[in-house]
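The following pair of complexes shares a single chain, chain A, combined with chain B in the former and chain C in the latter.
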Partner chain A sequence: MPKQPGGQRLRLPLEWLGILPFLIFAMLFLIMPTMKIVIGAFQTADGSFTLQNLIDLNTDSIRSAYWTSLKLSFVTALLGCAIGFAMAAAVVFGGIPKGVRNPLVTFSGVASNFAGVPLAFAFIATLGPVGLVTVWLRTEFGINLRAMGFNLLSFWGLVITYLFFQIPLMILIIIPALDGLKREWREAAAVLGATGAQYWRMVALPILFPSLLGTFALLFANAFGAVATAFALTGPQLNIVPIKLFAQIRGDVLGNPNLGYALAFGMIVITALANFLYIWLRVRSERWLK
Partner chain B sequence: MTRFFAWGTFLLGCVFFALPLIGMTEFSLKMRRGEYSFDAYRRVFEDQRFWDTFSYSLILAAATIVVGVLLVVPTAYWVRLKLPQARPVIEFITLLPLVIPAIVIVFGYIRLYNTSSFLPLTGSALGTDILLTMGYTTLALPYMYRSVDTGLRTIDVATLTEAAQSLGAGWVTILARIILPNVMVAVLSGAFLTLAIVLGEFTMAALLNRPAFGPFMQLLGANRAYEPPALAVIAFAITWGCMGLMQLVTRFSKHERAKA
Partner chain C sequence: MSFLTMTNLEKLFGQNRVVKDFSLSVEKGEFISLLGPSGCGKTTVLRMVAGFESPTAGGITIDGKDVTGLKANSRNIGMMFQAYALFPNMTVADNVAFGLKVKGAPRAERDARVAEMLALIGLEDLGARFPFQLSGGQQQRVALARALAPRPSVLLLDEPLSALDAKVRVSLRNQIRQIQQDLGITTIFVTHDQEEAMSISDRIVVMNGGVADQVGAPFEIYNRPRTKFVANFVGTLNTFEVEVTDPTTGRVTLAGQGLSLPNAPLAAHVGEKLSVALRPEALRLGRLPDAEALLTAKVTDVNFMGSVIRLKADLAGAAVSLDTFNRPDTPPPVVGSEVEVSLSGRDFILLQA
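Showing the complex of A and B:
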């Protein structure tokens, strides 16, 4: 058989056998389950094609769930980026001793993984109705957070809680990018007469822009898909998409399994858009930061 | 002036991160009225469900790490050695779990592997455990793959393979006795991250109805006052431990290399 002219070409695909176990795994536990959701979103209960599920998403309750989720993800990503950037810049350029840098990076690694149920407990113990800060402000300063309209189990409470893992994630990603800013660029700008603000506005930020926007997209997707923190904090009643989907999977609260698929499909579309933006922008930014 | 702002920003950030940690620690010690005590921790440790769920999650984490290593090391090795053209495909697949939320993946599992399907994994406890392990492997895939792939970059895969082959080693020997020891640091650091992820994971375990540590914490949080912050302190210590071990193995390897 090897004598026929195609023999050489026949041998080649055999090398793909080496990654076959991986491809089978990915097929079974990643791609097929996702496809099941995507296809289900376009099917009726008896399996024929329909767009009705996606149209049915347009109810007040689901629309407001998506809107709250989008707002939550946007606000936490924006604040996470801004505060994380400020802290990273303070450590890299602000003349803070080198000794705090490694602990900050280590802590960020821990905090960005400290999401989910325990994080919710930590914030309840701190900003909840009888939490440390709530009680302290009330007894020492007479400030009643509750009376001022602050409630941990609300949108802004969730924002503050999410920031606990969003900011560290930003710090972890942006510190290497800040390190990539070459000293020569700043000196060259200074020689040409640029002020510090001009250097940042006209040199550093344009170079960092893809990383910043890319990380923003990553943080956005990170917040959008998070279930555990919000669930442990507020229980099943908060109206955001992941919690709604959680309730739907547990007990078909929407009364239509295929509407559940559509809900999940909407989540995939949004996180996929955000992530592809991230990957595309990271490739662009790596050109400068070599 | 810059320095003033830098310190201000940095210290404000520190306060934001310190307060919840102080808050949960302080609250967890307040179970006895009027004085600090470790009562909440004692209650947690006396709870049989704590040990049951915790050991369940530990076993699952171990299984996840084994499956992950068996899956990722040979694949990353093979891609480097023979199939560089497959790299974009593999990298894309390993990034997918960051794109598709865990809740959507597990939703797919429940519908795809139900009792009337071609592979009825959710029909039995063991089947569901296997499914959950695969789910966790999926969640850990991006970190595991990147870690191992970076580890492989530092060694000369082709030369090592040829040397081993000319001494008569087969593929299994090469992988187990040449490649794996050489990327051990990367594997370990991926393993500790996997451990941290699996121990705290809530969504998949809750939706597959398995008695894991994450759902147990959530259940306790819904019903008790002082035990949840104690659990949070324990969980934080575990996460910190995992990250510390990760750094330790990395640092250890640097010393090794410096000596050589």
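Showing the complex of A and C:
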């Protein structure tokens, strides 16, 4: 049958229909707000172009807020990775009864999403100045946490609180990676004369490195953007970027939304740099993958 | 004293005894295959020799030294695994050098040994590649080079050919055997493939239910199987019932024809039925002058396999397989036709339970 010129009908690409809700969601709640932030960071209140918002970031208070946020994110990501890895390794390789694994994974699923006001309240109720554990340690063992310098409403208090969701997140992500380490690799290394430490240093950790790096980046971003827990725990008194940003955009008379946009733009830049570093390291460490 | 000995090895997993009173002596430079179906305990024996499993009872010595309580990394053993087990984050050269590196060998010695090993397996040009850039056969050859590089006293092969296609499997098994003989290394090979075991081994241990049913050279295992299990597991077997007519001379009858069984006198009485077996190649097509008996069989299936033709036929009330060589000038019998089959009592295998 002869082909009719121009007779091809436009066909609706139905295969894209399934991801349409996600695309709409991402457009409305990720891409458009990000564009709004980036544009707003270069605008005055009346909408004209300016670099003043970025220049205003260069104050002692804001520099300090970025530095504290970076430290907090780095420390909680590092500790979360280390402790979570040790726990996951104990569950996968450590000879712990198999019945422990499923409850731990289920708990990690819940705890990794346990943040904000409930988490802050839980920690105040346990490790706050008159918290359950604080009082119990003081009355039963004579250990006075406050006299020892511990304050829940401080940097290290926030680190401990963040670890409550950072460690479970690490466990959830790293257990499948640990499961992927083949028993034959460990046995081949052993039969070739390697000690357990040599196997981990020369075989297992290099294989896991991309996963560890990815999880570290995720934990870093998770902590860097967390505001609800920090604000609920310390109020405005802890100087970190999300709290500063929250103060600028919540709408009271002291707020400067465009400075808030600039703060958020700074966070985007830092997160992007961290991700570029992560991708670069990952590509270098994955030369052996297909 | 033998180079490698396993004495009264037992292994229990919970209540399940997977290896029962297993003893074996292996001479230096010998190639031994542990052959048996899945779950017969052959891999567990190998893993006990490697040091991955501790025997519940019994002992293992290598070169006169008791290694039963030694960890795997102190036994100086080389091993190939079914799934290659190459380290994916290392190049071929680094994989081969691994055993020497962890033992602290100097760089120059490592490099020289890696070059020697890669030449041995014929992959000199692939040292810089990663495992994912190699075919299955190449990966397994690298695994062999890696296992041999630290000069192990014993080489263990845990079904290393199972994951390869048929052609590569044959070529690699010949290469493994050649290298094993060149180096004179004592080798234990685990397989469930009887053809593989027979083609490569000095001796075969046929395992069943955690025990060694029979230990012997491939010729002996194939032609003189001691148990029904060995006879059935190794090669194809036709089984018949014969009736004893004279136990002192080993005379029996099959379908009314008299035959003399080997190993006479028989521990049986007149009229007793005995289970006997014949390999497919012992049933010979046609009327042959040295045959003791001549039976007629009806052909039910014909498989042309190139140099050999395997026929399925009804013979003396039993469904049998018989092999005959291909002759270009003689076409094989057709299905449904009747053929004459010659057989001799000396080819019968008398089966124990």
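Operating definition for what follows: the second predicted complex is superposed on the first by the 228 of 290 C-alpha atoms of A that agree within 3 Å, B and C clash if a C-alpha of one lies under 4 Å from a C-alpha of the other, contacts with A are read in each partner's own complex, and residues count from 1 in each chain.
The criterion applied here is as follows: a contact is a pair of C-beta atoms (placed from the backbone, for glycine too) under 8 Å apart; a residue touches a chain by one contact, two chains touch by 3 or more.
Bear in mind the structure is a predicted one, so any value in this text is a computation, not a measurement.
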item: First, second, both or neither for A:A264, with chain B first and chain C second; value: first
item: A:I55 touches, of chain B and chain C: first, second, both or neither?; value: neither
item: Partner chain(s) touched by A:V203 [first = chain B, second = chain C, both, neither]; value: second
item: Touching partner for A:I39 - first (chain B), second (chain C), both, neither; value: neither
item: Residue contacts with chain A in the superposition, chain B compared against chain C; value: B
item: Touching partner for A:G193 - first (chain B), second (chain C), both, neither; value: second
item: Contacts of A:I143 with chain B and chain C, given as first, second, both or neither; value: neither
item: Residue numbers on chain A that touch chain C, as the complex places them; value: 182, 184-185, 187-195, 198, 202-203, 206-207, 287-290
item: List of chain C residues in touch with chain A within their complex; value: 50-52, 71-79, 81, 83-90, 98-99, 101-103, 130-132, 146-147, 150, 156
item: Sites on chain B touched by chain A in the complex; value: 2-3, 5-7, 9-10, 13, 16-17, 19-24, 26-28, 71-72, 74-75, 78-79, 82-83, 86, 90, 93, 95-112, 119, 134-135, 137-138, 193, 196-197, 200-203, 206-207, 214, 217-218, 221-222, 228-229, 231-232, 235-236, 239-240, 242-244, 246-247
item: Residue ranges of chain A touching chain B (in the complex, touch as defined); value: 15-16, 18-19, 21-22, 25-26, 28-37, 40, 83, 86-87, 89-91, 93-96, 100, 106-107, 109-111, 113-127, 131-133, 163-164, 167-168, 196, 218, 221, 224-225, 227-228, 231-232, 235, 242, 245-246, 249-250, 260, 264, 267-268, 271-272, 275-276, 279
